[in-house]
């Protein structure tokens, strides 16, 4: 499993701590002696796919370099309800002051991974790959896309600079789908494929004719998607998007499409319920 | 309605745009002439409480100072499904390149406000005030707490520096609830109230005895909460937290508590469905 | 003694070094071989309360990780004139290049602590607590407030976000003191006390009536303060401010007030005289 | 009068506001309607040399672009006690929220300028120029040195990169004063003069012999300084430093030295007493 | 012509000015009254392709908002020796203080555009497109790649995140070219083409067999390139790189390859000779 | 050899890596297992003066702390073609992902040092010192000036704040050369020498008369320079600049001037050809 870039991790963690701590944790400062040591166990209060443990570790290390950690699962493991995910040891003040930030990351990222895993499982047996989208939380895109991979999904483009996706408005501007593809072929570099978003079978035909590399069927009905699969006949990969849910994703996969992109993976995941239980080392 | 601090807005928007645009929107750059003007309408695809319009406006203005905007609702208005929220006019390239970032903010913040409004409505007729928590998205706390206010809720403390909340672990360190309160009274400044989180009636009694200013009943059963309300008898305000849902919030309010804090407002809101429909001004 | 937040320390020190070093210490670069080691002793040229040693240490460590340090006093100790405060060992170039920045911090923070200690001593025997204000040096608030604590004082609010203090202009806007308190009670979160600044006995009565949590008597004459203490009669804490000096502070304390806030602690402390004496380790 | 660099001003002001405002001015937010306009007059409560008005203006403009300002004096003017320095008009919330930051700058910088003016006046009739030092507040060096110029003093080097000043420790490392000067002549660029700090007449002679461009007499007695002036006889400029006060500066100037550098200008100025009096524009 | 992202421009310009100005332009400050206006003409001292004028404009506007500018050519125009490129009017101090930074950008970017134009002209009549590489100046990649487009070239990938280029070391790690391509096909998102760098005809055959989207012939001899073109026979685009000069680029293009990438465009361009001639507006 | 300031190094390297890596090295991530170790040798493909090795080391250490390095030459050594400059060992992914950034720095800085050495050698036997200018790459001034020193040259001023250089336009503003010098003498601090740029013998005479410390002969013909040397007769140092090339530099030196400043050292160096050859440690 590829690691989160340490520099990105540092920036995320320090910003989040700054946001929560500001001038300092006044409760802990008033009550907890700075030399007191403690141990904390992270407990999964529901079944989940673990993601984000390294972020939790970095949070506590930021507050004290004298923090040691041990994880009993790997990123991406399905963790049964009630399991101890891992343990952190270090100064009591750092465990208390960092708890909320660590949990905010861990609960959200495990939420993304868990939801992704459900979508991936729902399409098992079909070739369709589950993709994320750009509907991520501002500021957290890289780690949310990491959590999607941890959950078994794959990433769509990172942003507007690393992939060409021609949408309806681009086509309107260009005058025609073919002209839009032609301009993109000239303007984008030679390592980029051209994907076009379409909503009708007629546009699918135009996209094929225009030499599009990938076709995105947006918000099309199941039987239209089936016709599109037949029409395209494997000449280029097909992606579907729009209103994908756990209820309809298997039927979508059954049409034979190659990719299903799911905004909900990152725009509306449920945070996993995780608690940190501290013991003082007196 | 108080405005979001412009400096905070600027930083949020510029970070989000930097994350999404990186080296530039290669699709739009290849296809859309820079002099083309366009107009975009934001459409509510479901009923929602609007929050975050100023963030959307700032996003497009960041990309082009020649952006004008018009909003047909106020922050906090309940917007019927199908309504046009507002309109943006400016260079087509900036509307296309900023669309996703603007929507990511608008959908999330309206989601927070809409969920908050549901909780607030669910307790109408009772004195209980709906509060948020520190279970916010790392980096977005200030705007998420703004959206809670827009939705009709009130804010709990901003972070660890501006409020004293003594939890179980602090009590363990101090040796007793009374000692923890005493240390906090000395250590915190004289403008801070002391809130203590308790889980039993016995602790409620201890908290009263110790001169606590506010008592937080964490994860207690309804009938225990009722006993606590009777025991405290208005001497200090009572807050409840833990596992609060739209299903149980009214029953919680009916116990006579003063505050109900709801982590779900910010850790798991559903993003509202909003679309941006562009028209070229040819 | 609670530590200064390492992240805040790092930022302060790096900014100050950047400001002083810019493109580099051209004198030292020209004259001092990079492999030369040295030892430096910090000498108190007058009696003082030590504060800021960790900032000095961090300054030299920033310039060279091969710096070791030893302090012969604790933060807050009264150090006799002529004492060696502590010793630093490391590359000669880092001791020479960091000297001024380290001293600028150490002299100023010890100045704040020393002045605070004088005020604290001046009121000994009375219950009055010496508080700082927001009249701090822009950029140095956290460390200056740290130095106040080191000197034996307590901190007033950190800034405008973590405490409610209603001043004359707020009252004018609201229309009445009672209305201002009422708005603050609704608008601020439930963990904040409401303090009101008043200048007459009539306003003291109004503040009591309005349910204010703390009353600040601003620039009132001693006999008026005494009447206010009698009027309030322990119902809420009383703070005095305005024109507090070492000459009048004991008389102010003798009135029976709870807090005396002193702007001079941070806006006009005298920098302590400290020198760094280097020895080359040849 | 040369302006403070706008970029430096912006950074100073935004940092200071961020430090004071954090999550927002909760008192003003609760009480003051955002559409309310106000006017504020800055009043000099004691005689002072004005410095820093542009910083105050920038502070309020940062909070609201709809701020207008008028100043009744020029930077460097001696302002009689009781004078209105200037007026600010804009939203009431921005005047209230920015007041403390604006005053913190204005009081400190006017303090530096006023103290400088006293030293300059004290040496009138002599050729000696009053210089500042690097004993400035970390983070505020550029504006403090600006305030020194406003007060009529001149600036010593900005930092370690733009001037060569050989001190005792450099001489020890080099083995001799002459060797230190020689290394500096080679290592520094050809636009830098070489100044050497000395404490004895013998060293003055060595410095002359070594071709030093400027000689700094550090902590030498008046009669030794007189001998040094005689010895040097105008061949190079002479600077004195160390323990310079308003009491002894005129005598120092009378020795005939060219420059007197005064650490106290910036390390221990008394903040000027300035108040902001608001009127609501109802 | 697409604009440089204003945020990127601002950051570049402010960093460069900060680097050059530091504590301020001491010469200009001493000599030039702040109210003096001036006009400056940028003169091309040799024939060149203009690139970077907006950066020059932004530099002076940063120093004074009262700067107006007029350009007599368009980005990408070939400008004859001796031409006036454009004119800037504003405060004399800002023209003097910003001159070097503006010229440093303008001379370098025009150098890149001019060199690119030469390579583009050298291959005229052939289909080969001239590409840049990642051999750019650290910190200036976006503007240097902009200058390449201005000069008539096209951009290769922006960095390591937006394009897949498998090199020899990747193949060694994977065990075979086919395995490397296979891993990249799985690991990269579906909008990325897979390019493989090869050095022999045998590898070209392997790359074709493995389904590579683009093949990069690195440092191959002309007759080997010709054989590769014949072998590939239009099935996938071919790029050549390695030791491309103005002397050999036409022969390389004549082989029928699709792309020629040239590191020299950005790693070793000659800065164009441009001067700024000021006139005072007295 | 004095080290590059570690803080400057860190910022340069992290910016450059951020620019190149963005969301990550997608090729290496897809192909290279994270536990794989590798060793890389940097090979000089042409004779060069080595400069920048510490930057290369820092680049790889940034990507992985488990990087060790060994250099077989010292900064400033002349390295024969084909030599192994040094070796890096660490995770294969960090060597692959950091290669381009490390080489971009190393090739450019060695290019500057190599070119500087050529100019220095060209004037051997004469007293003329080779200086750099402010014609550096925006953002890289400190390391490029470091490379000039490594190559045997000396540095001119760092920027506009640390040296006074009066140019033609300053003289025009002041009204005369003498007046410009006089203003600079008053406005600049007492550690700065005054250099004036002149273009005629008459101006040389004026500069001498005005008490200038250094005179810069700009773009003057050889025989005019000779006359200037005769006229000045060692009273002040003379610098020449303008159109200096390897072809004419020796003749310029032969005139007896003290300094020759060469813009080409940093505005148009040829990047040295260096390659990184990896071996997997399987």
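Odds and ends about this structure:
The first chain written gets the first letter, and so on, giving A, B, C, D, E and F; residue counts start at 1 in each chain.
The working rule: a residue touches a chain if its C-beta (ideal position, glycine included) is under 8 Å from a C-beta of that chain, and two chains touch if they have at least 3 such contacts.
The model shown is predicted, which means the values in this text are computed figures rather than measured ones.
Relative to chain A, the most remote chain by averaged C-alpha coordinates is D. By the residue-number overlap criterion, the interface of chain A with chain F counts as different, with under half of its numbers used by both chains. Between the CA-based centres of chain A and chain C the separation comes to 45 Å, rounded to the whole angstrom. Separating the centre of chain B from that of chain F, both taken as means of CA atoms, is a distance of 52 Å.
Shown for chain E are the residues in touch with two or more other chains, namely 21-24, 29, 142, 158-159, 161-165, 189, 192.
Residues of chain C touching chain B in their complex: 129, 131, 154-158, 161-165, 189-193, 195, 213-214, 237, 239, 258-259.
Looking at the complex, you find that chain D touches chain E at residues 1-3, 5, 7, 142, 158-159, 161-162. Considering their complex, residues 14, 17-18, 21-24, 29, 34, 62 of chain E touch chain D. For chain F in complex with chain E, the residues that touch the partner chain are 12, 15-16, 19-33, 36, 38, 92, 96-97, 100-101, 103-105, 107-108, 111, 134-141, 158-167, 169-170, 172-174, 180, 183-184, 186-189, 192, 267-271, 278, 280.
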